[in-house]
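In what comes next, chain A is part of two complexes: it sits with chain B in the first one and with chain C in the second one.
Up next, the complex of A and B:
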């Protein structure tokens, strides 16, 4: 009797092994690429799998294997294509550790994009924290061309690359979670990360700033060919445009739900316009967004942004630190430039996109008691495009780093 | 029965907290959002306001009639035959709720953690564990609930803490979701989401002094209510109104979403352990009190041998629904809708009858 009972016990315990799968038997997909094909409903999926032996102590040093394996197969959705891929990949493809989904620009601009990306949210394997990258070229080319030199392990590469780029504000935080919220909320624009490995007409830095680029335009010598810069603008689940790194930073500054650490930028020196003054921009507080909704007349949106700058370099050697009049001029220059650029971006969004990339619809919601009336008021079509928007930047602090004065040129060269 | 009356306020409170509070992690939010959209987090408020007075009335009646549990009370007020009939209805409600709920939990375990294993096997193992737990008797269940509670709550608070950064408070607007009338109606119709409070009344005599039971159950009901409210609030502020309606298991979507900083991602298994622990305890309690109600109705003194057949029945009936969506959105919704008026009105009726019969004057 006792023996039978014991046997029965083991029977139950063993049933827990049904889902047992060893680490050895799994291939961890780090990046998924999605390309459309000529057939509607069929897509090309590219899976970049990490080789866990590379860069770990378990690799025993001498391993000659590459850090990743990249395969491309056709299929109708992200998960079922992994099984097709198993006809030539030796292990089970697991999507639990996927860091990015790369979508080619062509696919992102198609009407059917929402159908293929939706399948990502149904499976529990793909996390909501996965970042969405839009690549200028085919996604499979992007993943294949992307050859990081130092961070060869792909998960570390994407993690560090994106974290840093998002911190500096040149690309937005573009998780699937945010994509679905904004798309399903049917208001606002979603910004995806824009990246490429192809060079296009390169702008030189003399044209103005360090962030007025989109990916592919940055003159670069050496390093990995992949550039992350700017964002892909999505309206209603479909890509409609690309904005530059500078505009992405402004969107960060204006959107309280996005996080940005601060960035370095330059303005033309107000005293000697041949040179530029570099400064570090940071926002200690969230922007204050105050929306007054009016049913019959245009809604007014007042945005106040308090920011701080720390001057990093003054190549013109003008004495901004001690001379009050000069300093005022510099302050004014910074603020006007920010306000001008913001105004241009807002105008573009109102006229061209007819929606906002700042997630401001959140702030108008409190004027409605229920969702039907909110949806009837229509943020996309009626409220935002006609709104009167005032953005004021207030300079809260102006620091000059650890130097009080620069060298005096006339004294140095006397 | 291994009940010696050693349970205190804290064990009773812990059991009720687990029985009712764990609801925040199943598919009930998905059920509520279908109609109420982002106003769904207000539904528990309405439901609680509707059902809590009835529950207090029940406690009052039990106190007046002294030394009676739920079924005996019904028999004393309504007469033997009618009392047994009504009790049997309560038993059926409890049994069906347990069956449909358990299927829901099985689906969660299967979909998220054991995708390859067949549902039957998971169900079987789950019910075997529940049966073995329930067999230990009511007091052991009470102690285990009390011991397990801090761990379970600590993990829940860790989740709240980690998700705080992703809350966007403006998402609760428009405040009434799809409209105030709908929220009010749904609040009343779904009031039975707190129906477990009534089932546990079968254990009214489990404590040495009934005042302890009163105190424990009232405290636990309030805490469970606030817990559910907090979590529903988190769901709506993390997911937006259109997204939350699409998510079947928001609790697990949140555990998958959060991470300890950059480095420790994919940490959901950590929370799964405590969640599973809570789920086991919930169904252990549920199975025990359901069988208890049955035992008292049919005057079976030693009802514990019935736990096995009942556990088996829950498993087999629970497997019948075709899939979890039908189970949740169709069967469970219908059941809740039928149960709500019953539990809101029954105590009032009992009170009126008791008043007319003069049962309240006696003491």
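Up next, the complex of A and C:
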């Protein structure tokens, strides 16, 4: 009896410990890059690993070492390439803590992209919350060129950078989970984060008006060379276009599944068009989406958006606070601009993409009693491109910050 | 065979007292090895009231000499009267007819008087056992609440209880245990509350004890319990009279002995170990706050090391990256696996704890310094332990002190090692499994017929004083699992 018990104890202990791995025997991959090669089915995988000793008080003498180690190997999928990488990386590569997957635009636009990204969903190591970044250049170049100045530890950089960019709405929340969800749903467009470390033709601010950029176009002096702006549009698992930061923000406003905190924007001053009025846009309520599906005639989609505005700067010094007529004009200007831009984006999506980046298919699904009938109705080809879409913006609240009157120019300069 | 021997022995001791004084004296001298036994005293005198020779026997070390002189010897020599009971001025006089009782009485500090031509002996209580005075409780400390503690004297202890519970139904019954040294165990209960089944169960277990001697309550505890090998205690031990009284009021039974500065409370539930009387002395919110902290301590002390081992060795994806990298960085130069680190620290903590208890008082402060140095700075600087392990071990060690009851404290500390080993073998899976098995085992335990987790599970009518307590005015019922004679504390 005693012997059996002892044996059983040993059996448990010995069978168990094999999965055990010490923390310091692993290398934590923070970013994975995917590039295509000339050979079909072979890809270049870039792994950026964090050096735990940098930025930690406990690591003695590690301060000389760089914060990251970046390696590129060829392989056929994300996981098997990590083992190839072990021929020159000393520890086991662990993908548990991966924050981003960077895909080069070239790879993302290829038909085979869905094949290589599939392996990320199969392995339990890669989290579904990993953000998908599409880089203009090769992914390996993006990772190598990306040299954050203050957040030298890579996980911290991606964490803070993406959280803030997503909060402001210039890039979308682009988790792998959402990618697979939308791709498998066979409706709607997936928006990936667009970023680059390369400068392209730069637009000046008047042309761009804060957010009409895509990454690489923003004039910048100093700081890290990496820019995150705009989104890569994916249809059926393949990238088809890029939209600007402004359009991404509109998509945020129209899509109840995406969260945005609010952003600062400007409109040309309706009274003195040389100047621009700055305001903070925020949306307290989710957009109301009302879809009426008709089998034989175009579906109607009515979207109502309630928003609030806090005016933060009036460089023209026009007295919008006191004059009701002026104020009405300003309100109208803001609403019209929003509606115009939205209309343009919707038109582009209906005609060019023939699908929506707003995840609206969720609201039409209730009209179908099973999946085959829904698939037969075909959101991509029939429902969305022909739909009649009305978007109304309602200004719920207009505030003028903590000061009512600006300086009176004629009194100041007498 | 054994039974026969026992009955023979009894026959011999049941010998009745002789008619002749000299025969009695001879018998007593022989029984107590008079002359060899230095503190055994004999005093012969001539009683004035009946003009007969008399003889007193007692242990001079356990009786009060003054009492004997003024209340027994002096009246016998000087007073005249009809009966002995009218002559001696001592509190109580009992008649004894056999030697066994006489011997027992002398052992428990009484004076035996033999009179010429009388086949009855008289036993008079003049006991004066030495004991400490009532002092402040050392091991169970309160900030708010009575500070006195039991001491090694039965009378004092009962006095401390009666002081708090003025109730004529409070009964102090005594039972003798032990074959060679017959020690008294006092069973205290409130007669119109207590469940007779539980009471007779306890009495039966006391009667069933077949052993030479039981010196004190700490030894008695182990003779009484149902499962001596069990990890979980089933009898509560306390040195606080107010705690004991609170349990008496709820219909529990208490055992006291003359030799222990504590009492045993039974039956118990998990909550008896978890609660502290101070929870009730503090106001509702404050008391419950301290309960919440204590519950957290229960979790921390039993689980935190094991959880850390499981997560770090098997589920590193659960650690936030900043912490993960910090731990990894500090572990880069550590030569041992994580499980070794944890075990080294936990064992070091237990070492200090054990040494701290045994160390002579003047050396006390040194242990703190040496301990802190070994555990902290030095071990980390020598790259034997990573700093986070020091935090974990310190946390689990510190939390263990919040479990005031010594038995439960040991149980949880041993549990901690079981959990660590489980976590090291299969990670969270084994940790959950081990916890489940231990929990199921604990739920199956019964103390004198009362399930360990009642009144929570199984549910009983009670004050609902489990993890948190209600305000005192809302406590209506006494514990239902005890099945008391009067189940209500107050009428609505």
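Definition applied: the second predicted complex is superposed on the first by the 400 of 414 C-alpha atoms of A that agree within 3 Å, B and C clash if a C-alpha of one lies under 4 Å from a C-alpha of the other, contacts with A are read in each partner's own complex, and residues count from 1 in each chain.
We adopt the following convention: a contact is a pair of C-beta atoms (placed from the backbone, for glycine too) under 8 Å apart; a residue touches a chain by one contact, two chains touch by 3 or more.
These numbers were taken from a predicted model, which means no experiment stands behind them.
Legend: residue contacts after superposition of the two complexes on their common chain; A:97 is shown touching both chain B and chain C.
Applying the stated contact rule after C-alpha superposition, one finds that A:26 touches chain C and leaves chain B untouched.
Of the two partner chains placed by superposition, only chain B is touched by A:372; chain C is not.
In the superposition on chain A, A:53 contacts chain C only, with no contact to chain B.
With both structures placed on the common chain, the touch criterion links A:257 to chain B but leaves chain C unconnected. In the overlay built on the shared chain, the residue A:153 is in contact with chain C alone; chain B does not reach it. Once chain A of one complex is fitted onto chain A of the other, the partner contacts of A:405 are absent, as it touches neither chain B nor chain C. Once both structures are placed on chain A, chain A residues 12, 16, 19, 96-97, 127, 159 are touched by chain B and, in the other complex, by chain C. Residues 12-13, 16-17, 19-24, 26, 28, 30, 50, 52-53, 55-60, 62, 94, 96-97, 99, 125, 127, 153, 155-156, 159 of chain A touch chain C in their complex.
Partner chain A is touched in their complex by these residues of chain C: 312-314, 316-317, 321-322, 324-334, 337-338, 386-387, 421, 424-427, 430.
By the touch criterion stated above, chain A contacts chain B in their complex at residues 12, 15-16, 18-19, 96-97, 121, 124, 127-129, 159, 163, 177, 180-181, 184-186, 257, 362-363, 365-366, 368-374. Taken in their complex, chain B has these residues touching chain A: 37-39, 111-118, 121, 124-125, 128, 168, 170-171, 173-180, 239-243, 246, 252-253, 256-257, 259, 262, 265-266.
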